[in-house]
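In structure tokens below, several structures.
What follows is subunit A paired twice: with subunit B in the first complex and subunit C in the second.
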Partner chain A sequence: MINIPIPLLVLLLGGGVLPLIGLMAERLHVKWLREGWTILIQALALYSVYPLYREVRAAEGRILLKYLPGGAPPLGGCFEIDVLGVYMAGCISLLALLVAIYSTRYMEHEGRLTEFYTLFTLMNAGMVGVAMAGDFFTLFVFWEMMCISSYVLVSFMKHRPGPIEAGFKYFMMSATGSAFLLLSMSLLYGMTGTLNFAYASASLKAVEPTPWLLLLFTTLLIGFGIKSAIVPFHTWLPDAHPEAPGPISAMLSGIVIETGLYALTRVIYLTFPVSIFKPTFAALSVVTMTLANILALLQSDLKRMLAYSSISQIGYMLVGISTGTAYGLMGALLHIFNHSLMKGLAFLCAGSIVHQLGSREISEMRGLGRRMPFTSLSLSIALLGLGGVPTTNGFVSKFILFSSAIGAGMPILAVIGVLNSALSMAYYLRVIITLAARGEASAEEAPAIMVGISLLMALLIVIFGVWPQPVIRYADIASKCLLQGVGRYLSAVMGP
Partner chain B sequence: MSQLYPLTQILIIPLAATPVVYLYARKMGRSAGYVAAIPLAYTLLLLLTLLPEAAKGVKHLESYTWAPSIGLTFGLLADGLSIWMMITINLLALLMSIYSVRYIDHRVKELFGGESPSTAYASYYALYLLYEVGMMGTVMSTNLIQFYLFYELMLVPSWLLINNYGYGDRERVGLLYFLWTHVGAVILLVGILSTYWITGSFEFSALSLIAAKPQAPFIVAAFLIGFLTKMAVFGLHLWLPDTYTQAPTSITALLSPAMSGIAPYAIVRFIVVPMYPVYQRFQPILVAWALITLIYGGLMSLAQDDVKRYLAYSSMSQMGYILLGVASMSTLGTSGAIFHYVSHGFGKCILFAVAGALLYRIGTLSISRMGGLADRMPVTATLTLLGIFTIAGVPPTSGFMSKWMIFAGVFDGPLSTSLMGISAATVILLMTVITIAYGLWIVKRIFFGPLAEGLEMVEDPPASMEAPLIILAVIAILVGLYPRIVSDCLFSALSALHV
Partner chain C sequence: MHPFTSFIVAVFLLLLIGLLCLTTRRNMIRLLIGVEILFNAANLNFIALSIQRAGFIDPLGQMIVLMAIVLDGCVVAVGLVMTLNAYRHYGTLDVRKLRRLRW
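Moving on to the complex of A and B:
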């Protein structure tokens, strides 16, 4: 029997069956069949995350091991599920479920929907797989599953040249990133004779840095960095994210690039001592947030502006990751969850606006606040959250991130961070001002399902902003399990 | 009363009333201002019940757990230092919501023409209440993150109010206002986060632990930059004139008297009381800065032709007085600063509201196009004079008492032992002349002399705009006649500073 964690199994099987379901739906003219199936799959995946969490909590050392056929580590592939992986799977499935429901109306007039939903489900399966992979090889397989699905999804609207061009650029850059990952895999294998994280960690963690090790570090950074759009590897993102269909932009910005960041964090934290990556990450975070914020200020296209804002948010997360403390990691993980809600919502609302108005130019949205009040309200809440205004969840995680920088002895980084955050308000407010202004934009409010999802997410943003404790609790456990659980991790895999 | 959680009610009730007021305004339009006044009147009553205790130095505290794993509690505090801040904010918000009924009706009709959508009223009053909650929450906070939360929470609604209902290029001005104060606030946040890593707590009570640490001056500097931006002292004031001028007048009447004064309160609460020795090192800078602000604001206001711009610079100059009181480092001066916040709140609120009334009746704020209005608008003229007296410190208004306390503090306190202290005191005494001068001169230009052209038919504003101002003027005089109700509270909280 193939030993696969339940959420992943659900997504893989569900995604695999989707073409058949789609065929049935088309032949038998059953409306909503494949949409309903997709939603069901996503809901089941989300639902099965909690039992998995219970299972992980009950397991010895809080690590659940599932070996793939082909032998045990150090050679065979495996899943190593800890609270961190479950946390990521939860973030992914929650956003995916919301986006799936939203897509049913957003995409209803498009063709090739079976393709769309299949790719969507498989992309999520890829991400959940990345979150739970226990060795580099498994990670890479799911990584590519996520990447390839997303290439096609970005250029899904293939009747226009923009998405094709953006998709191609994305594909070229991301494939280069994957090539670097392969290179780093071969280096890792050459140095340690294994691809298993635990074994690699055991042999590398305490080693003095050698040129080869630094090469490994660099290739890893480039490989994962391209996917997570760390400046200077970000150039594909401002093209790809705006050109994708609305729900896909929400997924890409909301969780896909964060999955890249998660993978980077996981591998780097397991295999390198903090002192090696701390200055690099701190410098990258400064460059990422500053450059992205300045560029975002110059955009006139709403989705493109949001894309740059995603890059800057990656910069904030890097602040937390660069600290090397559990507190900073907790902030980064919390920000991944919060950002998935905020940026997901922002892109969904932008999608609704594009859907109704037919334009992405901010200047053409004057007066939209009166025509599409609920979408505008949700978008405003999402943008205020992204700017880190208190009572939204964005504030809670940002304050932990900047606080962690001070705690790790990098007050300058914290100052640069908060100033960036303050600067970023300028472009968020510009959108809100445009929506609130009086103007001629004529559009009707989006369909009920789309509005409903937007309002629900806006509500979640405020609820988790006022009462962050539940998410903080899980993020806290997850961060500790990455940082302090290395020993447990090793002993779970390699035996005592 | 204490078992009824009055402070929680003060925070929750206006918040809970927000949707009610919103929906009411959607149906009924402008009269929602009266509905918005109901919860504010109730909370004011609750505050008054707490007053006798606070005067005796009793602290009223309500606290809840919030997010324990990151060290957050949610506490609400009323003591001698904060009670009058809260009363002032609440009173002004209450009276201005009644004032807004006619005023914002006028503004909305100007903006939208005849159709004037009911959503415009609805969002005005909803944001208005949120703004009030933000200000009250800031003053009641017991820990730094909670303080920051409300500090920002009062920024967003006030920005939206300026952006949606302001005058001139209100969008640019709103952005200017938001970004300046936001940048100040995030620098404050860095200070707050640093204290957490030194003391392991966000509570105000932990701040005193920092005083002996080497990082203390940096933290105090970060706090000061944050607060002084909000206060708009010289150099950090670039947002102020435009914002106060272009904001809707009913909001300016809260921005200037109620909101910017929260900053000196926070300086007292965060820095002066817990970190007295560290603060001492900053004293010369603050005194000099206060004097520059005071003089610059005073002189600039002499040069203005627009009534609101004039008032904006005069606010800046008054903030100079308040800062000087805070910088005096004596019980009397610090109490005087908070007291002057109260008097300035009464006086400046009257004056801004009068500016709104002029705009309502005349349609312009240009002083050069006014004159001789005392015959046409006798009540407004009287109110203006009382407002000016309160600000300039003419007995028997409360302004006299508060300014007297500031001066006494400056002469009496540690400042007077140095040459700098003596010269500072001399300068401010001279400056009171300018304050009076710019105050009375504007009264002369607007209300006396020959009646300006085209103003023959002007009359006093409607009663709903006048009555709140009359109440304020009466309170200002009552407090001036019996200042102990304010000063007892302040002395009880600040007596520890006595030097």
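Moving on to the complex of A and C:
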């Protein structure tokens, strides 16, 4: 019996078989075989998250511990699945399913599709693995799996120089980040003698800060911060995300950088007392959202503007994480889910526009609202959501984030956040106005599948905007895992 | 002097060399080597810390280093492919020539 989480197993096996399926599809000239297989795998992964959800919710604060036979923790690697891990896996698989369906039409005319779908599936497997890892080494292996797939996917269109250049830059920065992550692992190992999160947490959580502990904190922050594009380390993102193919931009901005943030939050909350990281995160969040919003204002390229907007959204999430309260964390988790829908949709619509119009310049999109009404409508809804307009889900999570900052005694963060939100509306509205204006942009409406997915996601944004209670309730339970649930997280591995 | 102090010093030197290589060199292959040096600094740190307890060599650290070497082999392979592709487009290995995007 292979004792690893089922969604992960599905993705790994499905991704591993995909090259064979692709070979079959080419030899036998069966259309849609690998596309169908990819969608099936993603759907199965999403579906198999549900039994895990039932299992962790069966009792209050239940944690599943899974490891391969003969490799029991603390020496062997393990998966420790709590509500938070299942929440992240759900966000990842939902977006991945939608994007997989979308990319069947978007990537239709490209070559090397077998590689594309294999890497896409393995990237998702990596992210699900990161979400469920119970020790640092398992996390690192899946982290690298996600990173390596995403390097290749960013520079997938290798016949153009832009993706190659963006990919190389992304690669250099992200590989440096991975090296720092490995260094932080070695420091953690030197201090505690283990890499298991539970054991490390037990021996570090109550310790007074020493220089070594601060070094560990810094290397962790650099390692995860590069991937999640926190501001001093963000410079790869505005190149890499726009140059990637449309569906991959949606995945990268929608969930990959959030996975980095999730891993950072998980490790930091497990191993450090709140007082150490609170001021650092608060300062980083202010810098991140302000700088990214100002830079986004200056962009004339739609996808590049959306990429900067992703950085600023990371800043909003950092506000919630820096509060150190369950309410703030709940806001951050809710924003991860909402942002995956909104930014995913925005990048998918931008992809449709690039696909039909052949240009990313906002100025050339005048009058596109009449030519591509459905795509423009969904893009507008996504942008309004990102700006935080009421009745979209972005409003709900931003409201929670900023009010949590006031509750945690940091009203200055809330003020800066609200000001930034207002500033960000300037560039979102500019796009909407350009789309709605009269003009002579000539393009057909995108293919039905792409439009269908966009409209579905736009509908989800509005639904979760007016009826956010189910997600809020779930995010609330998930956020408590990081605070009150730490004791249970430890005893799941170490025994009571 | 504690026996592993020399190792820790070596780790910090490697880190410095790696970072210096990343910031000052302009050749893409050298940048890759810089990343590799950083990875190896971390690996050396693992090995050094796995023998810190007297009379006992912890297998966990050694095992992790073996896996980490495989992983950074994969990373560098991808990096070399990207360097190759960049060379085909630009005809040079100088990163300063990769300026079509705003850095």
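In the analysis below, the second predicted complex is superposed on the first by the 490 of 496 C-alpha atoms of A that agree within 3 Å, B and C clash if a C-alpha of one lies under 4 Å from a C-alpha of the other, contacts with A are read in each partner's own complex, and residues count from 1 in each chain.
By our rule, a contact is a pair of C-beta atoms (placed from the backbone, for glycine too) under 8 Å apart; a residue touches a chain by one contact, two chains touch by 3 or more.
Predicted model only: the values in this text are computed from it and were never measured.
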Just to be sure I read the superposition right, which of the two partners does A:476 touch: subunit B = first, subunit C = second, or both, or neither? first
Considering only touches as defined above, state whether A:291 meets subunit B (first), subunit C (second), both or neither. neither
For A:449, using the defined touch cut-off, is the partner it touches subunit B, subunit C, both, or neither? Pick first, second, both or neither. neither
Taking the superposition as given, does A:468 touch the first partner, subunit B, the second, subunit C, both, or neither? first
Quick check on the superposed pair: does A:418 touch subunit B, subunit C, both, or neither? Answer first, second, both or neither. first
Is A:384 touching anything from subunit B or subunit C once the two structures are fitted on A? First, second, both or neither. first
Spell out the residues on subunit A that touch subunit C in their complex, using ranges where they run on. 75, 137, 140-141, 144, 147-148, 151-152, 155, 158, 161-162, 164-169, 171-172, 175-176, 178-180, 182-183, 185-187, 189-190, 193-195, 235, 239, 243
State the interface residues of subunit C toward subunit A in the complex, per the touch definition above. 15, 18, 22, 28, 31, 35, 38-39, 41-43, 45-46, 49-50, 52-53, 58, 60-61, 64, 67-68, 71-72, 74-75, 78-79, 82-83, 85-86, 89-90, 95, 98, 100-103
Subunit A contacts subunit B in the complex at 370, 373, 384, 389-391, 395-396, 399-400, 402-403, 406-407, 411, 414-415, 418-419, 421-422, 425-426, 429-430, 433, 436-438, 467-469, 472-473, 476
List the residues on subunit B that touch subunit A in their complex, please. 66-70, 111-112, 117, 119, 145, 148-150, 152-153, 156, 159-160, 163-164, 171, 174-175, 178-179, 182-183, 185-187, 189-190, 193-194, 196-197
